[in-house]
Amino acid sequence: MNIMLMLLVVPLITAFLTMAILKHQKTVWTIFLAVSGYLSYALFTMYGKWDLSWSIELGFKMFGKNVVLSLINSPLGWFFAFFASLTTLLIAMFSIAYNDEKHDSKTAPIWLLLIFSNIGIFFAKDWLMFFIMWEAMSTTAYFIIAHGKEISAKAAKFYLSISLIGTSTLLLGIILVSRLSQTFDIGVSIDSLVKLFSTNYSAALLYIGLFITTFLIKSAIFPFYMWPSKAYAESPDDFTPFLSTVMSKYGVYGLILFILPILAKSDLPMFGKISQPAYMLAVLGAITSVLATILAIFQTDMKKLFAYSSVANVGYIVMGLATMSVVGIQGALFHSVNHMIFKTAIFLSLAAVIYRTGERDMHKLGGLVYKMPLTFLVYLLAIISAAGIPPLSGFTSKWLIVQALMAQKMLFVVVAMIFASTGAFMYLLRCLASVFLGQLPDKYKDIKEAPLLMAIPMTILMLLTLAIGVIPGIITKPIDAVLTGMGYNVEPSSWTTVHTALAKSDLNLTYLFYVFMVACVISLIMYLISGKQEKIDQIDNYTAGENPLEWDTTPDRFNFAYGFYQPFKQMFNPMLDLISFERWMSSFGRIVERASSALSLLYTRSEGAILMLYIGIAILIIGGMM
Amino acid sequence: MNSVLFLIVIPLLGAFLALFGKKANRIVAILITAFTEIFSIMIYLSDKLPVSVAIGGWQAPYGINFVLTPLSVGFIVLINLAAIISLFIIRGEKEYQFYSTYLVLLAAANGIVLTGDIFNFYIFSELTTFAITALIAYPRNRRSTGAAIKYLILASTASSFLLIGIGVVYKTLGTLNIADIASKIDLLNPLTLELIIVLILTGIFVELELFPFNMWVPKAYFAGTASVNVMLHGMLGTAGAYIIARILLTMFAVNGSGMLVNANIANAIIVIAMLTIFVSEIAAFNEKKLKKVLAFSSMGQMGLIIFGFMIGNEQALTGAFYMVVANFLAKIILFVLTGEFIAMTGSDNWEDMKGIGRKHPVAGVSFVIGSLSLMGVPFFAGFWGKLAVIQGAMSGNSFMITGIVIILITAVVEGVYFLKISHTFFLKKEDEKEFNAKARIHSIVIAAALAVIVLAIGVHPGLIENNVNRATNEILNSTSNYVDVVFPGRY
Amino acid sequence: MTMSNIFLISSTSLIFIGLFGVLTRKNIVKILLSLNIIETGINLLLVAFGYKEGGKVPILTSSDSINHLGNMVDPVPQALVLTSIVIGLGTTAFALGLTIRYYKTHGTLNIEANDEEEVTAHE
Amino acid sequence: MKNDKSLLLNILAIAFLAVLAYFIYSVATSNDIGIKVTDNNVVENRVAYRYLNKNVLDENSKYEWGGKAEDSAANVVTSIVADYRLFDTSLEVIVLFITVMGFGLVIPKENIKIKESTELLYHWTPLLMTYMLLVGGYMFINGHISPGGGFPAGAIMSTAILVGVLAGKQTVSHTTLKKIEAIAGTLIFSIATLGFFLKGSFFINFLEGGNVGDLFSAGLIPILYTLVAFKVAAELSGIYFEFYEGGEEHDNV
């Protein structure tokens, strides 16, 4: 059987299989693990075989010929699919332990369907396949995010409405573009759009605008940056990493697949060193990362905090892409993988915390480092990577992106990037300090370290981020293939050194690793020779011995983690209120609801039935006489 | 092929006999419907189509004739399928009036599709009106009585326009035969033609559930029992889709090409279809009564189908026919399950239906499949229809482009409310009380079987490709495929 | 003004009166009366469509009448009217029956009465 | 009926009717080419002409008074209603059937006592009834020759029964009426089906026609009219009985 087909069929069949045995939760998740293992292995063997393909002809005519759905193994698709399935594999292992009687989300079959559509999106050769899988992904994700909980259903509704807007624009775009090229093939449609750019600029802009809107929505780029904070926070804890790391990349993938080649090949008006649409994209990325960073700083819910963090990171990726340069795209792709790894590590460690404590609000936690040291270590290394401190993986990719931006002289964007990077320290530290450091609340005196099955994937992720940080060649070598596939001329990258855009800024990461190790050793020595701490009750410390319950308030309020960045919050609040897309969305939703009630009432009362009949006749008469 | 009249006569004989049947009525009705279904499938599969059947030995246009084409017989198959399903999900309707009325409705729905005579069509449509009114009124409570009388008044007012239209047709063309009218339609004065079209459309749009002719729809669906809902949707709604194809695109077609003869009216109908889609989807968004939600969605789908039909190119017609099949199957699933769910929870409100999906996962998943198909999500039958209609509309005028935008906007609204409702079934039940009644296995089996078909068509649209292509071809070349069948050698 | 026009105008007027009544009346019985007026108007209109100046009844009464078939009025509209009358009768009977039931369930004959006040799931 | 007169609705109604009237006016005065609704009838171009000439089957055939014809009813309207378009007529029967059944379904079942009728009415009623039944019978038997037919005949016969009901005479029981109705209906459609087995076509007039103008002519028409008359009479009488027959409400209210 064709291996491309197997990639689709295996998750699909197991999805239906697991539906039948949904009651045996552990078996189901073990099957899920096995499927992701198989996919990872199959994808691994597919590296380099860029001629693999599969297609099927359906008995349905469009443009005068039967519709063909086809898959092709392209370097770009492989790159995303492989790392996505690797991430899934690790999450799957975690899920086996996580889904016990208490945390039973029963989402494995739907998740398998999601993986099925995931593979389809990354390997689609024609727009129809892409759209089919895209919409399947959107709807299945709704059911996982909602997962049978009322509060989650509300968040999922928000996700769903914005995601459906995305699929609608995508459909419109696909229909327009394929009408132009009289086929659904993606490669052909790129050429025809390039041609359209030379003849009818504004129409072409509208066409790619529709696609870009979809991709921006899925990747939560400004102005659609609001939905992750709701959807990520309310989805099952073990699904959040997948949502955040894999699903936010669909938009990125779409941009690289379709928008970049068009912008690169077309003759467009320039703004500085790059074309106007690309600059616009960069600015959107910049706004996203700045806004998301600011918003992340003020969250008290740790999942919401890292939801915004994800948004900010995708912002970096988009900025990197928008440079349209080899280094920028390299950095963006590199950061995509990095983000998958460190954000999975972060969310998994947080899931482990939630698994043990059942608490998501940061100010209600604290001091978990004493009880869950491994989880703490994973989290610590992951946030170091996220903050972009060498020698962990995050540094390299951010470095590449900043370099590329500098080389294209996109000053505003560079400033935004650096602002966001710095801001990232603030929220990463906030969570570190509130959850793991500080004092352990009394009710968590007896909690244990995360179970073994959770610890294994977390440890693997920790080691991975370290390894990639020191030997970036693991990622840059496949990226070479991707860039070659996209038509760029690239020299083969080395295992340890990254070449960047500016002169004399090549980076050998082995040296950086040594420097970091020395620093670690020094700080360890300092810790060992420093004095002992004295423990007092947390509340006493903050309220000076008063009992807060007497003032009708809870002790939580006085935890240092509650209003961690209060001054900043006051500073930014007016601006955030002004641009809150969420508010627009919900006010629009209210308008629809009101209109709905009014219309519904019209139909309930219906004394105007005859009147409406006459109006209808009048429409026909007047319409006919026009 | 004269034996096709059995499709009318046998149910009518059954309707008389039902006056005396006590307990056997339901069995007899099922047997009769099974007969009509099998018979229509046999006709569909025989190679004698298309054929015109003269009733009473009088040739058209002097006598009344039935025209059996792949299109009309295909619709008959669908209508009878809905009929038999509606009988299986009956819950507690015992009186002979119900079965008698049902059998008349069956005959009338068959007749409305098969007939080739416009006045005969009027009588059949009146028969469906009365039958539907009686079926809606059957529970005889406040809700159903109000719905029934309001529907009857509206439908009678509208059908009087239809009758005037028929009168004008006879006055000007001197014939009542649809094929004869179709071949002579070019002789008419443009304004007189417009008068005829407006009058006849008014008559049929009420049954087609188009805004603003459709004030009766939510009430009627809400008042009817589950089986009546399936009849309303599966028999009347499907026949309605056929009526557009036949009356608008064959009788009033320019040179039999499937385009409405008056382009202005075609645009007006597109505006009406758009209004229907918009109004119904918006109205359904905040509706709490599940049956009304489905009624609104029915209206919306009808708007979409008519939109597809009015575009008039091959792509859109194919899409419209796919949509007819998909809507037919998916909405029956939803109505069957809704009946069960309402019986189980004792409430019309979907918010009270928590936990049903957990108790009956097959039913819950079937409901999800039905709603996804209606939304036009890939892998479900509705997707192909929607795709082709939008693709077809792209090559149309500015009205049609606006229509696409409206379809896409309402798709968001539709998706939100359908998935919201579907997900509610999988929420945890708040109280630990048992459900009022048990779900009946056969209803769930019917729903699941239809869901499998929806899925199969969605994955492999080629399953019904031949049938749809035959239908599309028939509409696009109605001169050779319809008029020539009735009057061989006229062209 | 020919007889034909008088028929046409009077029947159209009847239809208009009926249409006016159907819309503006709230009482169901009055609405049904308006419907009946429309009904009558249509019947008159249909017969007028078949009317012919100086036409004869389309009944063969003697051998002479066969030679003057062209003078007869059009019999088809009359046949249609026969059907239409029966349908009108059916509508009226059924609607009046429903009206009686409506009065019992709603306590009024006003068409604007709410149908859903007593919400009882009957299934 | 507080708000029976709403100014807004009146205005809207008048506006709509004005639009309609303007539309009809412009249709009537249109100068474009083509057949207009206001054109005079040319009977030769219509299907009616062939009905009048009774040459639907064979365009060149001629018939004579007292001779054979494809349809030997002297009343051309009857020949259309009960022969050329018999299918429509049989459906009409169904319309009546279903509406009356619907009426019986929805009408509230209450015991309404009829006032005692006067002596005069009580005693003279049988005479009146007989006379009315005779007229009805004459009408459906002669429907193919003279004006009349099954429907008016049925209506007259049912009036006779109504008179009986009003006078307090229980002439027929409701069950009998139901049986008549069902048997007549079944027979109509059985005859229609018989046509299929005898001549290969439903609703065909398969009896030998007779001569135009004779009482025993027109083949099946008198038989069908008889059945129709009985069915209509039974159905319409059923309506009166629905009013006066008390009984239990149906069990699923």
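Residue numbering begins at 1 within each chain, and the chains themselves are lettered A, B, C and D in the order written.
We adopt the following convention: a residue touches a chain if its C-beta (ideal position, glycine included) is under 8 Å from a C-beta of that chain, and two chains touch if they have at least 3 such contacts.
These figures come from a predicted structure and were not determined experimentally.
Judged by contacting C-beta pairs, the busier of the interfaces A-C and A-B is A-B. Located most centrally within the structure is B, per distance between chain CA means and the overall CA mean.
For this pair, chain A with chain C, the centres built from the Cα atoms lie 67 Å apart.
Each chain gets a centre from the mean of its Cα atoms; for chain A and chain B, those two points are 44 Å apart. Averaged C-alpha coordinates give centres for chain B and chain C that are 28 Å from one another. Taking the mean of the C-alpha atoms as each chain's centre, chain B and chain D sit 30 Å apart.
For chain D, the set of residues touching two or more other chains reads 9, 12-13, 16, 20, 23-24, 26, 41, 46-48, 51, 85, 88, 92, 95, 98-99, 102, 104-106, 252. Residue positions of chain C touching 2 or more other chains, listed in rising order: 19, 22-23, 26, 49-50, 76, 83, 87, 90-91, 94, 98, 101, 111-112, 114-116, 122.
Touching of two or more other chains is recorded for residues 604, 610-611, 614-615, 617, 621-622, 625 of chain A.
The part of chain C that touches chain A in the complex is made up of residues 19, 22-23, 26, 111-112, 114-116. On the side of chain D, the complex with chain B involves touching residues 23-24, 26-27, 30, 32-37, 39, 41-42, 45-48, 50-51, 56-57, 83-88, 91-92, 94-95, 97-99, 101-102, 104-106, 178, 181-182, 185-186, 189-190, 192-193, 195-196, 199-205, 250-253. Contacts from chain C toward chain B in the complex involve residues 15, 19, 22, 28, 31-32, 35, 38-39, 42, 45-46, 49-50, 76-77, 80, 83-84, 87, 90-91, 94-95, 98-99, 101-102, 105-106, 111, 113-123. Here chain D touches chain A in the complex through residues 9, 12-13, 16, 19-20, 23, 26, going by the rule given at the top. Touching chain B in their complex are the following residues of chain A: 19, 22, 58-62, 131-133, 135-136, 139, 142-143, 146, 148-150, 153, 156-157, 160-161, 164-165, 167-169, 171-172, 175-176, 179, 592-593, 595-597, 599-600, 602-604, 606, 608-610, 612-613, 615-617, 619-626.
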